[in-house]
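Okay, so chain A shows up in both of these, paired with chain B first and chain C after.
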Partner chain A sequence: MSATPTIAFDAERCDGCGDCMSACASAKSTDGNTAQSRIRIVRDDEAGHWGVALCRQCGDPRCASVCPAAALAKGDDGIVAWDAERCVNCLICTAGCTFGGIAFSADEGHVVKCDQCAGTPQCVTACTRGALRYVTAAKLYNRWGELEDLFVPGLGGCQGCNTELIMRHTLRRVGPNTVLATPPGCIPGMGSVGYNGMLGCKVPVFHPLLTNTASMLTGIRRQHKRKGRNVTALALAGDGGAGDVGFQSLSGAAERGEQILFVCVDNEGYMNTGAQRSGSTTYGAWTATTPIGDSARGKAQDAKNLPLLMMWHGCEYVATASTAFMEDFYAKLEAALEASERGFAYLHLYSPCTSGWRFPSASNIEVARTAVETNFAVLWEYRREQGLTLSRDIDDPLPVTDYLKLLGKFRHLDPAQIAHIERHVAEQAQVLCELAGMQPREGERIVCHPSDSMAVDLDQ
Partner chain B sequence: MEQFDYVVLGASHAGLEALRAIRAHDADGSIAVLDREARLPVSPTVLPYVVSGKCAEDRIALRERRWFDAQRVDYRQQAAAAALDTANARLRLADGREIGYGKLLLATGAAPAIPPIEGLSDVRYHVLRTLDDALALRDVASEVAGEAGRAAGRAIVLGAGLVGMHAAENLVRAGARVTVVEMRGQVLPGYFDAAAAARIEAVFRDKGVEVLTGRRVEQVAPRGEGCTLRLDGGEARDADLLLVAAGVRPEVSYLAGSGIAVERGVVVDAFMRTAAPNVWAAGDVVRTPSFFGDGTPAGGILPDAVEQGRTAGMSMAGDPALQPYPGGVSLNTYGFFGHRALSVGRDAPEGTGPEWEVLVRGEEGGDAYLKLVLRDGRLQGIFGVDVLFDPGIMWELILRRVEIGARRDVLLENPQDAARALMSGLWR
Partner chain C sequence: MSEAVEKIAPSTGSAVAKKEPRILVCDGNEAAAWGVVLSRPDMVAVYPITPQSSLAEYVAQFVADGVLDAELVEAEGEHSVLSVLHGAALAGARTYTASCGQGLAFMFEPYFRTPNLRLPIVMSIVNRDGITPQCVWGGQQDAMTVREVGWVQLFCETVQEVLDTIVMAYRIAEDRSVMLPVNVNHDGNYLSNGIVRIELPDQGEVDDFLGMPDVNWHAALDPDRPMGVDPLTGGATGPGPALFVGYRRGHCEGMQNALRVIVEVHEEWARRFGRRYAPLVEEYRLDDADHALVTIGSMAGAAKDAVDAARDRGERVGLIRIKTLRPFPLDAMVAALDKVRAIGVVDRAVSYGWNSGPVHQETLAALQHCRHRVPCLSLIGGLAGADLTQTHFERAIAETAKLLDAPCPREPVWLNAEDR
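Presenting the complex of A and B:
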């Protein structure tokens, strides 16, 4: 079964204009009467917001499960389709749906439901308020699903960890023509380099030291190039292997403009070895080495902003991404892969750590999403040609405390510490806003001025 | 002896949904589905439409064989259970073969209940539970309705439940004269409140149906091809066609001696487990507990059978997303003579306290009727005739015990939009 695009509704943006219903009715009904629209915008005066009734094209549609005539079924295109010939008009499907997505139409004389207009939903086209969005992320998942999974079926991550998702999706896209480096950390711990003499993935993989990942990839990439082979040099490293112990080799390779795709999976600490602090650990956070006691109140320093540091190297491409925003992640992975053909590409992924940060294993994606929505983890992208752009609006974030309260590692925070974190988050957001605001003029770069091709190319 | 990780007895709504739930979590376990019928599974709910001719009999299968193949399920027809040995995890089939199971689901459904009426076994009567029943009734109905030049015959329907009322309508449409006899005081008892039932009954009377509520049949005697019924008042009715639609009883004959508790249905816990190890049950075979924890009728509802099947399947496969079954809520969608009646939940009991609230519109002969039943500001039931709303949303509002007191007036005014707006907010 394939995943399905969905029509997403944002109540905050809806003003009840009804244009979507008019568009639907003129596309689908016999007489254009909006009463026949398959999307219904409804007002809840009590709560003071607009709501929607619309078919969600469920993965396991209950309308179909309860249909006694097999008149409803989810097709290969993901749409829950209605078969007029089989339908007996018993309306039991309307008892199976809790979204008001299938309902009897007195004008039509039978139940009607949304079919997403064969991929161009008219309601979405008609919505000028941005309240309706046609979310096609599912198509990406389907496309990714067709790419070969290059890791072994079983990776030994902690329950609820999003790193396996990052690893598999990254390597699927980067593909088999790759040499992979995974320095010490959770990723080899999960089995990327394999166990008992067996490889953990279907591409050449090696296990550098924490300190020399980028150096070793430099040599491998250059040697392959010298032999006339174009392989992708890929690193999947943790924040320690990238930004602390691993930083000198990373910084050197970035500064030289080596053709490497370096992916940092940032779980804000040395989580594989028992949750010790790293340079990426947030101020105030509990770790095994920043304990909570009579005087100690967690980490006493702010986290360094590793992706910004990488941007100032003048890399080809630097971006931050989150597994709560997969479309964005995919687009950035695509761009990074392409940029790594020209020079250094650095992708920084936020990876909430279920065990080390102390939150329920089911909430990883929710934690990741809240980090972004509170501006704790801002999504942005830097291209050497265009400078820095924000990937989503950061003007109206949720309160930082919405994020802090999700995590056990912040449970002890006192008001002064919370205020410190809030101030830091606001400052970082301000910096990014200002960087993004510097629009480059024609033929001029503002953010960084690395001189072109200063990298020493041994082949020339 | 054959051995399967999962054996599902019965291939109707509960069994099929359990199958889906098992496969969703366990891609590899071996599964056998044993269906006592000799044809692809058919929902009892669709049978009235076979009788009416609206459905072609070869276009109603719930699943095709290729679906079972795609699920890698060993689907067998004419495989009826004869006995269950829970101590050794074995099932004996009617043909004498034995099948061992790791986990077993009893989803054998129900069979028509035949009331103890004197002489009933001596006359020819119909029931409506299987496709064979429907085909037989369809053939006889057209005969009774009469060819040109011959007076239409009389059909008598015992029981004014959904099966009986659907059949009565079909018989009227086919041209027969129809009498419906119902023991209780209204049509569709347990499905609709008295006021909604009265409206439905009025439509039937208007179409020439004789509706006798609060009446019993005391005796039945053969009369030519048909029969004569004597009612409790002493009066008699001749019938060319007799349909017994007096409810159903769980199909549990094969459970004798198995140690599985049966009290008006197989007794199960909130995860549809029976008292025996590795044996689950779901659907009409189960004694469904009421969501309200009272004597409100529960069970025999298609969407409920699906919920139970899903719960059982997830429990059998060890799916961590399993939630306990919340209990049955009565839920009906009923179309008759171009009208539509919907009901979800329970009516207010007699002699209720101040925590109950009943709101009605269209009481006096208006076009449409709607009744809301609230307790402590929470929806308990909603009954409508020719008023549209989404039963699935109302069901969810009841299950979630959503506070709706402040919205009672808008709900009464426009239940569809008001409930949709409320639910839309709750989904976010």
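Presenting the complex of A and C:
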């Protein structure tokens, strides 16, 4: 199974017009009565927007698992299909589904549900506002899921850490013809280089100095290339090893255009060793070396913008990504890997640290998403030929305080500090907007809008 | 240099009958660069620093001219230079670099790790004194400061020896019983810039002598042989202290094996190329000597002249030149020291806490193994490029001779203290 198509709904784009229901009813019934529609748009007054009741074609469908007659099953095409021959009309499936995706039709005399119109869902065709899209959201996940996981089971990350997610997905895609460098930090701490003679991954891996990752990879990549071999030189480094003490070697390799894929997992500090401050730590943040006391209120300086610094090296490819936007991450990893065949590719991943930033371990992806939605972490990519483009709209962000309030490391902030961070976030967003606006697109100037290629895959 | 490049086309590498050596007139940095050419490294990374810079320029020009077929990495500093070579060696490359002084200090973090990774990297140190006071001149404070790191350390006396030793260093480093990085030291200014006539060995004969690179059989970063390089040992936990001890002991064994290999390689070099160097310790007019100087590096030339002059006056004095400082050639040194009744050690560096020179301290340690107690004086000179002339060594001999009848002073003799 490599693709499970689904119909995605964007509540913010839906105006409740009901065209989708009409289209479905026309396709699925003789009289076009919207009561026959398999999709229902409903007003969610509490949330203040429209919602959808529609079959999600779940991977492990509850409707099927509760069905006592085996009348519902997920097929190889990804569609949860209803079998009229087996159905006993008990309607337990309608209770099992939490999405309102299967319902009893009085006209039909049995349950009905979406079958995606054999690959051309009429509801999607009818929607003029882009609120409904027929996408294969899980396609990439599943395609990559079929690739070998080159890390061993049981890496020793903190509970709720998203770095293991980054490591496994990255190495699955990059593949076995790789030499992996994991400089001191959380990633070797989780066991990439293993402990006690047992390795944490199935590719050649080493523990460079904190300072010299890009330089060692330079020698490895060049020597293999000299011998006619195309070996991917991959770094999975933290922000300290990339941007602080490791920055000289990173900068040198980028300037020379070494063919390296350098992934920086930015958790804004030296989290593996007890959450000390780094150059990537946010202004005002508590860390073990920027404590809160009568004379000090966390870090006194703004974080340096490492991905922008890398962009100014004229790398082949630079991008920021987040585990809350995996499709975007996949697309960027794909681009970075390809670019690393020609020159230096740098991927900067925002990686909230459950223990060092002090938030519940279940909230990691929520924190990551909120960072992006508040413009605290802006997603963009830079290609040498095309310049910088924003990966999603940033002109209508959530309040920065929505992000700050999630994290214990900001608990002590006073209004002036909050205002400082808000100002800095706005300035950074403005800088990025201007950089993106510098890039002409079909004679126009882009300001704060995503590039076409990225817009499709976001919000999955 | 361009003339030399034209004369010496890259060899086909095939074994050929012994040829007449080509003659060059060049300084030690160019000679070192020719040693690099002859050794055919896969990768060279050099960051320029006085007085090594012209060496870096020669190597770059040789690559540009196609005389040297090597990857040249223009790294942004010495720290990265050696780090690049770590990666290259683990990918199977024969490698070369050169540095000195502050460059070596900046390189120290990967330098510190290189021998523990057992990477047979060859690196010239164009010896330079340390700052402060601000100084770009010769001196051996750089190499002496890192003598406990675990590299093999060879010190050359002449420009010809620089070239020959660089080639020999690869055989020593890549010997499977050694597998250690080698520093080939040549004194800044005196050897780096002194121009003399040298002979350039034939490329084919050097190819036969060196063989193919044999660099990463023990530890590799290669998808065809996936392995983890240098995982956490767990220290005293996990497999226990024995694992760590095993690595340290293996390193010590490699060092001791190097003593034998250095001798064998020098002997083979003499057989093949006709130039014989004392591999560990050179004894000069020592057999019937009452007292002797111990020297290291290029200063031995002037010191030998002073010994000759003293001999002409009837003084029974000799000289011991240390070529191999690490591993320390204990047996050879003890055998030499046992022949005399007083020793004067001339250092081009200081050992601060001992208030003497580092080679003096090394000599004192060796004297422990001698049959008799031999007084041993520290003399320090040649710092920051100061000239050590025959006159200075005549004084050194005179100071040493005093030990035959008088107690040995604990204070060092500062040979250039009165030079203006």
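In this section, the second predicted complex is superposed on the first by the 408 of 460 C-alpha atoms of A that agree within 3 Å, B and C clash if a C-alpha of one lies under 4 Å from a C-alpha of the other, contacts with A are read in each partner's own complex, and residues count from 1 in each chain.
The criterion applied here is as follows: a residue touches a chain if its C-beta (ideal position, glycine included) is under 8 Å from a C-beta of that chain, and two chains touch if they have at least 3 such contacts.
These figures come from a predicted structure and were not determined experimentally.
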* In the superposed arrangement, which partner chain does A:47 touch: chain B (first), chain C (second), both, or neither? -> first
* Looking at the overlay, does A:209 come into contact with chain B only (first), chain C only (second), both, or neither? -> second
* Asked: Which holds for A:23: it touches chain B only (first), chain C only (second), both, or neither?
  -> neither
* May I ask you to decide whether A:339 touches chain B, chain C, both, or neither, giving the answer as first, second, both or neither? => neither
* Touching A:256, do we find chain B (first), chain C (second), both, or neither? -> second
* What is the contact status of A:64 with respect to chain B (first) and chain C (second): first, second, both, or neither? -> neither
* Which partner does A:96 contact after superposing on A: first (chain B), second (chain C), both, neither? -> first
* What does chain B use to touch chain A in their complex? -> 13, 16-17, 20, 24, 43-46, 49, 54-55, 59-63, 302-303, 306, 310, 331, 333, 335, 340, 342, 344, 388, 390-393, 395-396, 406-407, 410, 416-425, 427-428
* Mind pulling up the chain C residues that touch chain A in the complex? -> 42-43, 45, 71, 73-77, 79-81, 83-93, 95, 109-110, 113, 220-223, 225-234, 238-239, 243
* Under the touch definition given earlier, write down the residues of chain A that touch chain C in their complex. => 176-179, 188, 193-197, 199-209, 211-212, 214-224, 226-227, 231, 248-249, 251-253, 255-256
* Contact residues on chain A for chain B in the complex? -> 9, 11, 40, 42-47, 49-53, 60, 62, 65-66, 68-70, 85-86, 88-92, 94-100, 103-104, 106
